[in-house]
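Inspection log for the structure reproduced underneath, given as structure tokens.
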Amino acid sequence: MAAPSVAELREHAGIGAEIYALAAEIYPICRSITGDGVRRTLGHLARHIDLEMHEAPTGTQVFDWTIPREWNIREAWIKNAAGERIVDFASCNLHVLSYSRPVHAKLPLDELKKHVFTLPDQPDLIPYRTSYYADNWGFCMAHDQLAALPEGLYEVLIDASLEDGSLTYGEYLHRGTTDEEVLFSAHICHPSLANDNCSALALLTLLAERLAPLRTRYSYRFVFAPGTIGAITWLARNEARVSRIRHGLVVSCVGDGGGPTYKKSRRGDAFIDRAMTHVLGHAGASPTILEFFPYGYDERQYCSPGFDLPVGLFQRSQFGTFPQYHTSADDLDFIRPEHLASSYRMIVDALDIVENDWRPHSTTPKCEPQLGRRGLYSALGGDHDGPAKSMAFLWILNLADGRHSLLDIAERAQLPFAVVAQAARRLEESGLLVEERCGASPTAAGRHPDDGRAGQVLPR
Amino acid sequence: MAAPSVAELREHAGIGAEIYALAAEIYPICRSITGDGVRRTLGHLARHIDLEMHEAPTGTQVFDWTIPREWNIREAWIKNAAGERIVDFASCNLHVLSYSRPVHAKLPLDELKKHVFTLPDQPDLIPYRTSYYADNWGFCMAHDQLAALPEGLYEVLIDASLEDGSLTYGEYLHRGTTDEEVLFSAHICHPSLANDNCSALALLTLLAERLAPLRTRYSYRFVFAPGTIGAITWLARNEARVSRIRHGLVVSCVGDGGGPTYKKSRRGDAFIDRAMTHVLGHAGASPTILEFFPYGYDERQYCSPGFDLPVGLFQRSQFGTFPQYHTSADDLDFIRPEHLASSYRMIVDALDIVENDWRPHSTTPKCEPQLGRRGLYSALGGDHDGPAKSMAFLWILNLADGRHSLLDIAERAQLPFAVVAQAARRLEESGLLVEERCGASPTAAGRHPDDGRAGQVLPR
Amino acid sequence: MAAPSVAELREHAGIGAEIYALAAEIYPICRSITGDGVRRTLGHLARHIDLEMHEAPTGTQVFDWTIPREWNIREAWIKNAAGERIVDFASCNLHVLSYSRPVHAKLPLDELKKHVFTLPDQPDLIPYRTSYYADNWGFCMAHDQLAALPEGLYEVLIDASLEDGSLTYGEYLHRGTTDEEVLFSAHICHPSLANDNCSALALLTLLAERLAPLRTRYSYRFVFAPGTIGAITWLARNEARVSRIRHGLVVSCVGDGGGPTYKKSRRGDAFIDRAMTHVLGHAGASPTILEFFPYGYDERQYCSPGFDLPVGLFQRSQFGTFPQYHTSADDLDFIRPEHLASSYRMIVDALDIVENDWRPHSTTPKCEPQLGRRGLYSALGGDHDGPAKSMAFLWILNLADGRHSLLDIAERAQLPFAVVAQAARRLEESGLLVEERCGASPTAAGRHPDDGRAGQVLPR
């Protein structure tokens, strides 16, 4: 059995504060699907991990898409008739419609309004809006502010460039004892939105950093790429390699106190779907488990029918359901170290299952073994509270027929995987269990038909 | 893809009034399982469609049954001691027990009562009763009327004949581009009961009339036959041909405002079962979907184990559950043109699915295609209401792997089939979908194992 | 078809009183997992049936276990400083921790308390406690009594022996027309606890007695053995033979008015699981059907992975859930003849299914046969209460395709098996059904893959 190294990550004190600090560090940067904001963000992450930077030039064809021109912005504001900056990109980068073309003009209020986006239902918040593939320019501001603007001439400036350049993404690989991969993917294209997605960029970076010294069964690949076009670019460049991906998670919005939420892969019964459903079911909160649907983050690309990878989406509050979503209220007050820490632990718990699941085989399958003389059973009979402590042992022994893995047993027994895994270790030490041998059970392969491990010994 | 001709029937304005008018026309006729009432009713229907009349002679063996003698009735009444007609068949044909033998006698009240059927719980209504296979005579009347009758001698007359003759049924075939058939069947044996079953006789006749000019994939067979013995006769005479039936509906009681109700075929997972469940689920009301049970209308015969055809039962209120059922209250006030029209549209919606389901195959299965540049996607990003309009496109593209038909996709996406079908047409026009080619997918056949289409291209 | 002999047991008047009387007879005996108490109890049962006694010597290895030394007790008490017996085994054998080693000593109250078990939450009841495999001695008493004891010296005596001897169990076989077996098993190791398990020992003994004169398809094996170690011993000695067991029930706690409760076999879909679920569903009460879990009575051994026998657990109230459980309140007032009788009838109903299930094949599968002329159908049509009486006939005929057994049909129709079986007999007498012939249906074998009857004709 593998050393339970991944599980040890769970015990990491202060991880919430560390993730929060990194999220806060990258929060102010103005990111979009291309441009220096992405590069600078990756630079911050690269202080923690040996991150590879990739550039895909403008005009490159990636499946049905073409890498667009690179967008960079220096300055943007609206001045009123008195020459006062009433809106300034420097104070909040949400103020500019992402991918706005450059503009410098004077307009009457009515004309200006055609280029201003607000949230009438949340009149004090600045919305986040983009226009990647339609030629446009615009500002975003609080509805109250817009409503209070007097008639008059306004001067607008967007000092931005849209030029040939490249799309940037970062990639980090932790090598395990096998080539089989676990994929983590987070979008890096949103500007100053703390939960969406500074939270996941920071969490995954620190997870990768903590994994680095560990010996793991799987190799772990971390992809930090712009949403949609970035994931598509990564898939186009790595098409031949994706068959190595056994399990994957897209991660976003992991810093708020809601959820947890898991959206299943398109397959619906992938091992990661079962592992995450199990972990969230024992996480103490009321989890939301969603069937796959074709809208959301980059699971849309990983789960497109031509790839159909076993990749789900992990979040706390589900995107689009919390009032701060895509507004200036998704700021550093909205995410908390304790929520980042618990999100981190849920992912680690899932990795513990992914790394450490195995199929026990009872050495004494006929009748129960005598647990009492091995110190594994309440000595005093008749007391009906006694056996509760032994239920994990009893469940494992009853299902240790080589057809059930520890996760199967944990699901059936409604016990946390870690409890079952620990009990299984004690039974193995007592000689009551052995690991299923290669090819011993014809059903071993059948259990996880999707994950490509058919007929293979789980290395431990 | 077939021209969406069947779906166009949905738009037919005034169809409810037309169906109502035909139902009202045939309502007064006294029908039974044999006799001139059936012939006259078929005569009315034949003004709309090219109906074939069939006669099966008395004594013909049809499976376990024998065609009975033909029953015809001219006159029937009860006169009181004063010679006044207190019950008269001429005013309501429910007054006579169907298949009563002729009688002319004078009887005291006590003797008369042995031959009178009433509804003590609905004392103002006349019940509908039959005695096809037991030698009997009788009258049906309001319980209040019976209770008020004074002692005395009553004269009864039933001037009916039970003689060798034949059983009559009508049949109409709309020829499609294939020999595969959709069967519609309605019982024609009930006397003046408007919902049960003038409503369905009229609705199906007008549906057949509207279908006539259309080019359809399927051939459509309409059978108007007496309940039980008529359907058995039709099956006995067409035994060799029933394997052509791919989908079928028995239709009755479609003029009231209840339900809608669909009772599944014996198979329970026939395509028609899925199509009707889908249509009723999007019809706006609270549908009742029933598993098959071996009591009801002629689905009992079509779904007998030796046939086991994919034939369900469509109704508004379920038979036996509404107080007007089998009483004089099932009259022309009980059925409404608007209910007949909505029943008609539900059937047309199901035919649209039956005719126009197909398996799309994405031409760009790896990652999503760029919908934006094809005008199929909200240009402005970040707004979380935008994508709702695109969900049909996203669902279709995600499931267009050749293993899912449009109905599969509509079910999964919880969108109406028509919305999915229309979106699929736009995607096909954009070159993003092609139709699944013959034999391309080994699972194509597996999807509807029951409907005999295994391995076959859906002609479009 | 077999004579419905087993079903006749259902009519046995007075069975509740007979079971109660036998339970009362064995109630006072002090039993443990070994010793003369078991032998004396078996002696009482042997007055009703031809019971074989078996002895397994101390030290015998049975799978992972070893038969312990034999425990016998003659006398036990606690005397207060005044020499008065304040606790006496002679008045209630629960007072002594089962398998206590001998002791004779004077102790202060504090020392005594270390050897006394009470129930603080049920302070007036004496608990039942055991210490089979840990060297210990102890007394059980009411918590109120312990709390009231004054300081002082107490004299304790347990005159018991723990010596080489043997473990005793009893076995009875009723031979049927085949070697296939139905197993009944009840634990015989509890002292004076009426429901747990004098009730089941008495019920099964009288069931065995009543079965004796009957000709049955199955052979019926009754095992009365100490819990855990006794069942393990029986399995170790009969390992080669257990493959004959087609259906089995562990029975305990069948005298109280709760439940009924059925815990499924580990397989979860064994025929006995379906039969018991069906019977309890029609028993009029609110049954509890539990999935298998690896704690309870001797189903733990029969359902260990190396055996995985189709054996469930039948109880009224589930063990551990009623306040009298494992206390002195589980006495002869707690069990009632009427509950014993209804438990008996539920078991008999399940045996009726096990013995008399068969697969009917309709002789007239195309359309319904004409039930009316065979007197099997309401003659008067139109009345919607009429058909209820005929539903069993209609269901059987509709499903008599050789793929459905009577139990399948009863489940689908939600009718009691006995009603369906009786209706099937009438249809068979009318020539409308025949029994499925050997090999006629390839699916016949598939229906109960677990019960070993694959491809075999059910002898009737």
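Chains here go by letter, A, B and C, matching the order in which they are written, and residues are numbered from 1 within each.
Everything that follows uses one rule, which is that contacts are C-beta pairs under 8 Å (C-beta built on N, C-alpha and C of every residue); 3 or more make two chains touch, one makes a residue touch a chain.
Computed from a predicted structure; not experimentally measured.
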item	value
Superposition of chain B upon chain C: rotation angle, C-alpha, nearest 5 degrees	120
Copies chain A and chain B touch via same or different residues, half shared test	different
Rounded Å distance between chain A and chain B, as computed from the means of their C-alpha atoms	52
Touching two or more other chains - residue numbers and ranges from chain B	none
Chain C residues touching chain A - in the complex, by the definition given at the top	62-65, 98, 127-134, 136, 228, 231-232, 235-236, 239, 266, 293-295, 300-301, 303-308, 319-320, 325-326
Touching residues on chain C, where the partner in the complex is chain B	362, 364-370, 372-373, 379-384, 387, 391, 394-395, 397-401
